[in-house]
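Structure incoming, see below.
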């Protein structure tokens, strides 16, 4: 899980390349609903690079948090101290997320299918699970109400599955216009960033297509790591490697 | 008016076998001391409600205090799985655990409905997910004006709600600040309530952003560091090491039970518990 | 991000003929300066929404700016009737005023629904009253779990919501403290929004209890004493004398129109208006 | 409107006797939802006399306000400064009033009927009113959700009417169990305090009955001032006159 890819002059870890690629997706002024871990780090990297006015909302109720270090938990004190305001958890979900004020929501998952639907609930049968996962948390409503979502997870046959064991949160549903028919205000997942590359949805079918591979990774690896017949974009590109500046800033953010 | 009493008295009086109990605190101000006291007093057959059943509920579930869990996210934040929660759900150890599973938005709406004296709350939620197939407390509701279909969840009204706060004044008014989570709603939704506080003061700190008047709280119990290993903004930081250590302690049934016996059941108070935990941390470091 | 611009620019850009406009402020922080500017710029055909259409709406109604009023209590607080409101409803002067009448609880629930992105809000309200017979925006809704019948009201989503606050910082984050009313919900429910502020500061005062981030506000306009004759906690007190004087000024159509012409239409800014009003008060006292 | 009644050593105004009688109805620790004017003054008088722990909630969002002077408006700054906490107006109505946390709500009215239903909306026809009144404000939900309500208004044939022009807020509805059938959690109006005397509901029918007359006032005056055939309690009493202490405290509260 710590495969590294070569970059000019220094090595980026898998986590680092995923974080850098996610950060690049964030435009300045974007309002992000971030969870702990890679999403939080990516949003903070963006804030320190090209998106100084990005607004970070944590589900603990902090709006406009500017942590100097990625928090270990979603409710760390520094989030409250650096936020523009702190509101209650009910308010975060009603006045802010549900009202459509979040531009980008980050989601992780144990399983994702070709339409970007995700499972964070159980592996196996719900009533008799093989692995009981943490559950929904904020994900179903982030997936429904954020203007778009970014999915971050490692690409393996166990995580990129033809059929979810449980649908915790909706991506492009059954594809086509099925998401719109559910009445969701957000556009759904617009990108999946993995340790191997980047997938984006086919604009018509909503199926996720491999559009980029990271330096040192291959299409074959991506196909082998995907439990459905992965389509590859004709204009597939190689991810621009993390720059020295990106890695410097990222490492200054994450060193403990 | 809240009675200012000891935590053991508060739990003895207000937490009863078979109760629906909510111990809330969103990462910040988690009422660990109260959770321990419930274990010490051997309560059983509880329905535990909490948005994020993290380590505090892992402990209660692992000792078999709960028959049911109402929740939306069960993990060790920033660390990984809750091994006792998983063992109960996956293997029925120490006994089967019924679950009633929601999303955060749904749980928040349930507390808000409870605090508001409404039988249900409305949200844009759960649509297209499999949760409604497994959770009875999710139902469709139609807007009488637009015909749009939304989701309803019933009010959550615990028999007793428990939170930790930084301060109470001498008349029992409770004040907290920093990340406020769903604590106010949990207390107002509860039929009875206990608030543990870092200290009782003459006047609440001006930083206080949430006040619970004394007359909506059943009991206030002063417990210094009562949120450890969680944190109390302005008092002490989160003990991240403990959360990481918990992953090891809780993986094995025997080791878990040993830890509970030694650190909770064999200590008379949360102070004793903390002294023990800190002594060990000092030796280990 | 909120643009920090003059009040005349803000009203010119964001308040349009025919708009649904909410000027909120519950006794405290009533945006009088913005109301005056709407009169100065001659907006017409407005639907005015406000829980307590007090003197500020008496002025807007009296000049004929409104075709409809959505409200829950229309009086001069502590004084008596609103004569211009009454004249419009009782006699259709200067033109008929359509009314959509709610209770405070219902109006609050409507703003909350609007701020929450929900099409309706639920409350225990209006039961047994005659309001539902006259107000289309009140409908029954049934709890899907208990079958209990409650009341629904549709979200209120003004085209533009306007409030007054004590402060904004230089990036347009708005801060207010003291009685907070329904201002936050009104701004979040509005499609566009204007906030007049006492002053723009480098850093918001620590007493601030409600913050509206810059990116949910369309325009911030600094207007010193912009809530007069209402008050701004920490800045100036309520001008109770003005409220009592308004009873006399507004009783007679001619006297009212004279007052508006002289004190609002003939002044270019709220500063000029205040200088005039204060000069007269000094002469009278 | 300033009729006075003789009391030992000094004269109490009509407002004063109504205020004193209302204050006496409040027990220590009671949670009152008060409006401006007599109710606010009465609650503060009680707080300074026998009910120091009475909790005053104003609909502007102040809980536990302790004003030294009766405020002119419901949102005066002193209410916020002296309150245990200040919350939003939506919260006052949802978490506090609707949730049943208010013991006593005070209501005034332009019209009241024999069952304590009130009109604060219009005199005459709704669509073509003779007098347009301020409207509902907080009254319908106070009347429904407070554990009990106290009505304060002057007794005249125009205000004590056989039939309301508009029912703004529900008292005992059509009497009997009709209020309970509406599903209201509060018991409804338990007392009407007027300038002439005190009325309380018949426990069975819910009809308001004259149970006391103030010093110097008579049953005949009360009957003449009532638009329905006013019943008089067999154990009618005379209101104990305001004491010197009550008047002293009241006047110290209200002097400007």
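Per-chain numbering from 1; labels A, B, C and D assigned in written order.
Just so we're on the same page, contacts are C-beta pairs under 8 Å (C-beta built on N, C-alpha and C of every residue); 3 or more make two chains touch, one makes a residue touch a chain.
Everything numeric in this text was worked out from a predicted model, so none of it was measured.
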Chains touching both chain B and chain D: C
Maximum centroid distance from chain D, chain identifier (CA atoms): A
Distance from the mean Cα position of chain B to that of chain A, given in whole angstrom: 28
Chain centre separation (chain A, chain D; CA means) in Å: 58
Chain A-chain C separation of Cα centroids, rounded to whole Å: 42
Chain B: positions in contact with at least two other chains: 112, 117-118, 123-124, 148, 184-185, 209
Junction residues of chain A - those touching two or more other chains: 94, 98, 145, 185
Chains grouped in pairs wherever the two touch, ordered by label: A-B, A-C, B-C, B-D, C-D
Complex contacts: residues of chain C adjacent to chain A: 1, 112, 115-118, 173, 184-185, 188, 211, 213, 215-216
Chain C partner contacts - residues on chain A that touch it in the complex: 29, 31, 53, 55, 63-64, 84-85, 94-95, 98-101, 145, 185
Complex interface listing, chain C residues touching chain B: 117-124, 137, 139-141, 143-146, 148, 150, 152, 154, 206, 209
Chain A-touching residues of chain B, taken from the complex the two chains share: 26-28, 51-52, 71-75, 77-78, 81-82, 85-86, 89-90, 101-105, 108-109, 111-112, 123-131, 134, 148-149, 178-182, 184-185, 209, 231, 233, 237-238, 240, 243
Chain B-touching residues of chain A, taken from the complex the two chains share: 36-37, 59-62, 71-77, 79-80, 86-90, 93-94, 97-98, 121, 126-127, 129-132, 134-141, 144-145, 166-170, 173, 179, 182-185
